[in-house]
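Which chain is which? They are A, B, C and D, in the order written, and residues in each are numbered from 1.
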Amino acid sequence: MGNMINIGVIGYGYWGPNLVRNFAEIPTAQVTKVSDFKPELLAKAQARYPTIQVTTDSRDIFKDPKIDAVVIATPVSTHFDLALAALQAGKHVLVEKPMTTSSEQAKRLIEEAEKRNLVLMVDHTFVYTGAVRKMHELITSKRLGDIYYYDSVRVNLGLFQHDVNVIWDLAVHDLSIMNYLLPSQPYAVSATGISHVPGEPENIAYLTLFFESNLIAHIHVNWLAPVKVRRTLIGGSQKMIVYDDLEPSEKVKIYDKGITVNGNSESVYQMLIGYRTGDMWSPQLDMTEALRTEGLHFINCIEQGSRPITDGEAGLRIVRILEAATESMRQRGQLVELNLAEVAV
Amino acid sequence: MGNMINIGVIGYGYWGPNLVRNFAEIPTAQVTKVSDFKPELLAKAQARYPTIQVTTDSRDIFKDPKIDAVVIATPVSTHFDLALAALQAGKHVLVEKPMTTSSEQAKRLIEEAEKRNLVLMVDHTFVYTGAVRKMHELITSKRLGDIYYYDSVRVNLGLFQHDVNVIWDLAVHDLSIMNYLLPSQPYAVSATGISHVPGEPENIAYLTLFFESNLIAHIHVNWLAPVKVRRTLIGGSQKMIVYDDLEPSEKVKIYDKGITVNGNSESVYQMLIGYRTGDMWSPQLDMTEALRTEGLHFINCIEQGSRPITDGEAGLRIVRILEAATESMRQRGQLVELNLAEVAV
Amino acid sequence: MGNMINIGVIGYGYWGPNLVRNFAEIPTAQVTKVSDFKPELLAKAQARYPTIQVTTDSRDIFKDPKIDAVVIATPVSTHFDLALAALQAGKHVLVEKPMTTSSEQAKRLIEEAEKRNLVLMVDHTFVYTGAVRKMHELITSKRLGDIYYYDSVRVNLGLFQHDVNVIWDLAVHDLSIMNYLLPSQPYAVSATGISHVPGEPENIAYLTLFFESNLIAHIHVNWLAPVKVRRTLIGGSQKMIVYDDLEPSEKVKIYDKGITVNGNSESVYQMLIGYRTGDMWSPQLDMTEALRTEGLHFINCIEQGSRPITDGEAGLRIVRILEAATESMRQRGQLVELNLAEVAV
Amino acid sequence: MGNMINIGVIGYGYWGPNLVRNFAEIPTAQVTKVSDFKPELLAKAQARYPTIQVTTDSRDIFKDPKIDAVVIATPVSTHFDLALAALQAGKHVLVEKPMTTSSEQAKRLIEEAEKRNLVLMVDHTFVYTGAVRKMHELITSKRLGDIYYYDSVRVNLGLFQHDVNVIWDLAVHDLSIMNYLLPSQPYAVSATGISHVPGEPENIAYLTLFFESNLIAHIHVNWLAPVKVRRTLIGGSQKMIVYDDLEPSEKVKIYDKGITVNGNSESVYQMLIGYRTGDMWSPQLDMTEALRTEGLHFINCIEQGSRPITDGEAGLRIVRILEAATESMRQRGQLVELNLAEVAV
């Protein structure tokens, strides 16, 4: 198996088993080592995959010369140190989202990966779903026309995190989808939110993102909702999308609805607005598990020396928005500039 | 019919016919005159109600000594002048929402009504629905515990207004419901939004309202959505509500869901959070048409000399929030203080 | 108004007002007389339409030489006598569904209308909705391929009738839609059902209709259901339809789903069955009120001397099925032949 | 581990792995042997559970003296021979549904188990779900009053079976739930259905079950539907249930809706029927995996020598109905008596 990519996975808690399972099923890759500081989790990995080596010390992975790539599925506070150590050991890296706890850290990882010519990829899983890839195809082929707004709701009775607020936990999904789908980058954010448990991070938050064009984006996240909602509206000048991730099959619906605007020279203040309602269409989606598509993409980037869709720059942009949104939220909606062009390496 | 309340209705466009129909069916009231500047609308009123007098001049209503009360269903820009004239003519007033185009105007009307001891009521129709009254009962009886958040979405492909933005057109409904349901008043607003038609008012907007307690409110309104949504989440410490106005019968659902927080003296930063999920319950609602309940309430307030639920002060509070939200939106989320205590007369 | 069609309406209870309103708005028709044996209903008609003459005696309509056509909106037990009298008086007739209480009566009316060269139309309202017309277009243009099944559910907590069972009250709608949509006629029916109130007609029923081809139809009707359901599945060899009349806008959804069958000469017992799932599509529907479309069609048939879509023959076929289904139900599913070709005049 | 129940599992295809996983997690049971005639499936079992012995010959299980109980998860045509051999070898048996291909076979197994004092249980999985157990509690405690009807729909684009028709594949679920929930047994069945693939079993079917009381049951099953539906309506004189198995959390909704009947001595033909609509309530359900609850019940019955809820008699009743329904269907709805009392051993 000379051309096999050997993978070490750090973290076998909630998400790690999914990563191991998917990489185990990719023909040109194999997971050779798993580390976790909890022995009982390693025992599970061992029982499931008898041929995989396990260790409580992640350094065993960095030191292993046979390992080509490291997958990091640990809490966000550890991402930077682990990813940096992996890159410095010459390993390609796939790291969980959010990439790091600060944009400074994210930049440092990007620099390290570029210097060493290594693949640095962030696990923005949703980007690899059939639904998001279909919407990307529709948007980039201009089927929606100009994009007017992106509005997403991601709420449920969710686990309250102690170390990160709800923006870092939930909005990161919406931001990574939005970053992939939209044709331009936001320049500023205004966010509001609140904590309902004294001393704990905010459990409900609202983010508005401003763009140079007449595009606006808004994200609502909440750990304390009675019902689960995963719904995104994307408004375009030609068509509009409703993306409901909880729908079992018709996750993406495209509406031939909108307005038509006729300028009127005599009255510039009173545009003639026409309303258009037409058919709705819900395309068949590729139902391949997103992590499989993503794993294949990571392996392919390593093999080809190419740049992943969700590369370090994408990870950095998301981290910068999370950072700025948290700052804005603590100032009750105060606009915070993102300077995404500047933060880029 | 000595004790009959005689009513004049100004405006027979979209909403006027509903008002006339409902007042016509109240035993102790009768609509005696209808004015509109469009003769074709008056012809409709006449055909429908042969005994009602019609006029293109609203002054005929103010001058008519037999008329006790005036109902104003005209565009918002005309509310102040018409309501003031009616009050000055000694008539009780029921005016469409939003009450006026500025809080200054609203205060002026309140003063005029108080000086003359007349009923001044604002047509916040939703307050009189079975759904909102049931939620009011649940909240005031503390069945929900402390209120944590109020989150409302009101979007559809709606008529673009030329004279008011989407906040004045749609958020006014949510604000009037919220004002009735919540136990306290917000102190500031942060709003964002955008127009997608050059020179026209904003067609999409997001409002966050801040309260002294750990309560937060958010309203999303949009004239350019592919689907119609009318959904409010109300989170309490004991129970949570989903209010979906588009549900044909189960509009209000109460979830016995939430978190329980146990302070921990050793680690004030790490609260122990428990999760609670229990039954859901959807109460039978009074299905009486809201306008009928509201009309009876108006007539009753006139007869008893009592203050309406949706009085001028309620109307003023809503107008003040609309004013401040528009200001905040134009400054991209800049916090604007509401000073509701000060604006009150 | 020389070419105006003058209409007399018999019955101003539940449905009559809708008929009067729609005919009143058709440019080439006018309602000149309304009869009902309840004076209070006539008073309502008079108040609403001051120019219409009212009478408690339907014979005043038959005798009126200016009346061209009679619309009958009375209980089904009176349809035959009224329609026959109208035809014998030389009037065109539009009669509520079900057309009559027996197929014998229906045949008699058809004969009378043919003899006198008058239009005889049955008010199968659903046939004139945008949803049903769109499905008709899809089915007749072979977009669905061969039709495999027609399955309809029409249940809710509905008014228990004393004079007719739930088949005559509710299944009549499904049968009239089915009769319009399907390419062939059923040859037999097997029905089951029960009454939950001693001495009263059956309030729940299930009908299976058999066709010569491998098409099957089934209708479930129930007056005692906790929720309202109006849903039809139509399976074709190429595409399948879900028609949900309670959906506010997307009433008709077309699924590119189905099976493909490959005969296999070596094993005639084991066909190779492939599964196909593709896009879903929900066409924009004409939202014109069905009664308006129907009213225009009736007037047009009178003017052109043409045969209506829902003619007497269509009415007869439905009555024959209702008759046979009731007979089968009382024999607990015993197959009853329909002999639709024979019953036809 | 002296009191451990040792289990052999026959069949490791679709359902077998779920059975093995659940029994593996029961503290007082262990799966010691798995058989399947496909070596590749045994390899999977072995990889997953290294301590389990595997064999391609089911007789190795019957011969193993350490094995106390046999779980049979093979195609229905093999159930009888395998279960009989297991019982004759002195093993307790849990067999997949449908229990056998004929009621004669089912009776033979019951006799064998009784003679040997062994537990014979049928895997009617749904009976062990939180939803069905909650409904059972509501019905047996008379919260619904008298049961008027049971109406179930189970349709989707499902795998066409070559050896059994859709009744044996899908209606078996509804019949097992119904058998558990309803207070009495049906006496006859009328069924209709059709095959859309020449030479293949029926893929769409409708069953009506008749009871001595004024209860009626109906089941609609279809392998060729464009959408998945799993919905049961249960009407009672006091309350009514909607059970939707596809709802993620609110699977059971109880409606305080119905009719009240007042007999009227003067007019026995015209009962006074009142309509009642009240609250809806959706109880919190036990979300334990049904197979775990069922596995614990099987082990407990072995330990206690007690009779399972879904015993051989329950399995026999379902098989008898499947048999009779197929017969009725092939005679286009002809009533077939069930003689459930007679068929019982």
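Following the convention adopted for this analysis, a residue touches a chain if its C-beta (ideal position, glycine included) is under 8 Å from a C-beta of that chain, and two chains touch if they have at least 3 such contacts.
Bear in mind the structure is a predicted one, so any value in this text is a computation, not a measurement.
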Of B-C and C-D, the pair with more C-beta contacts is C-D
Distance in whole angstrom between the CA centres of chain A and chain C is 53
Distance-wise, how many Å sit between the C-alpha centres of chain C and chain D, to the nearest whole number? 40
When centres are defined as mean Cα positions, the distance from chain B to chain C in whole Å is 43
At least two partner chains per residue is the criterion; list those residues in chain B. 277
Draw the chains as points, connect those that touch, then say whether the picture is a line, ring, star, complete or other. complete
Residue numbers of chain D touching chain B in their complex, please. 249-250, 256, 277-284
Which residues of chain A touch chain D in their complex? 47-48, 50, 228, 246, 248
Contacts from chain A onto chain B in the complex sit at residues 148-149, 151, 153, 155, 157, 160, 162, 188, 190, 192-200, 204, 206, 208, 210, 214, 216, 218, 220, 222, 224-227, 233, 235, 237, 240-242, 253, 255, 257-259, 261, 268-271, 273, 275, 277, 328, 332-335
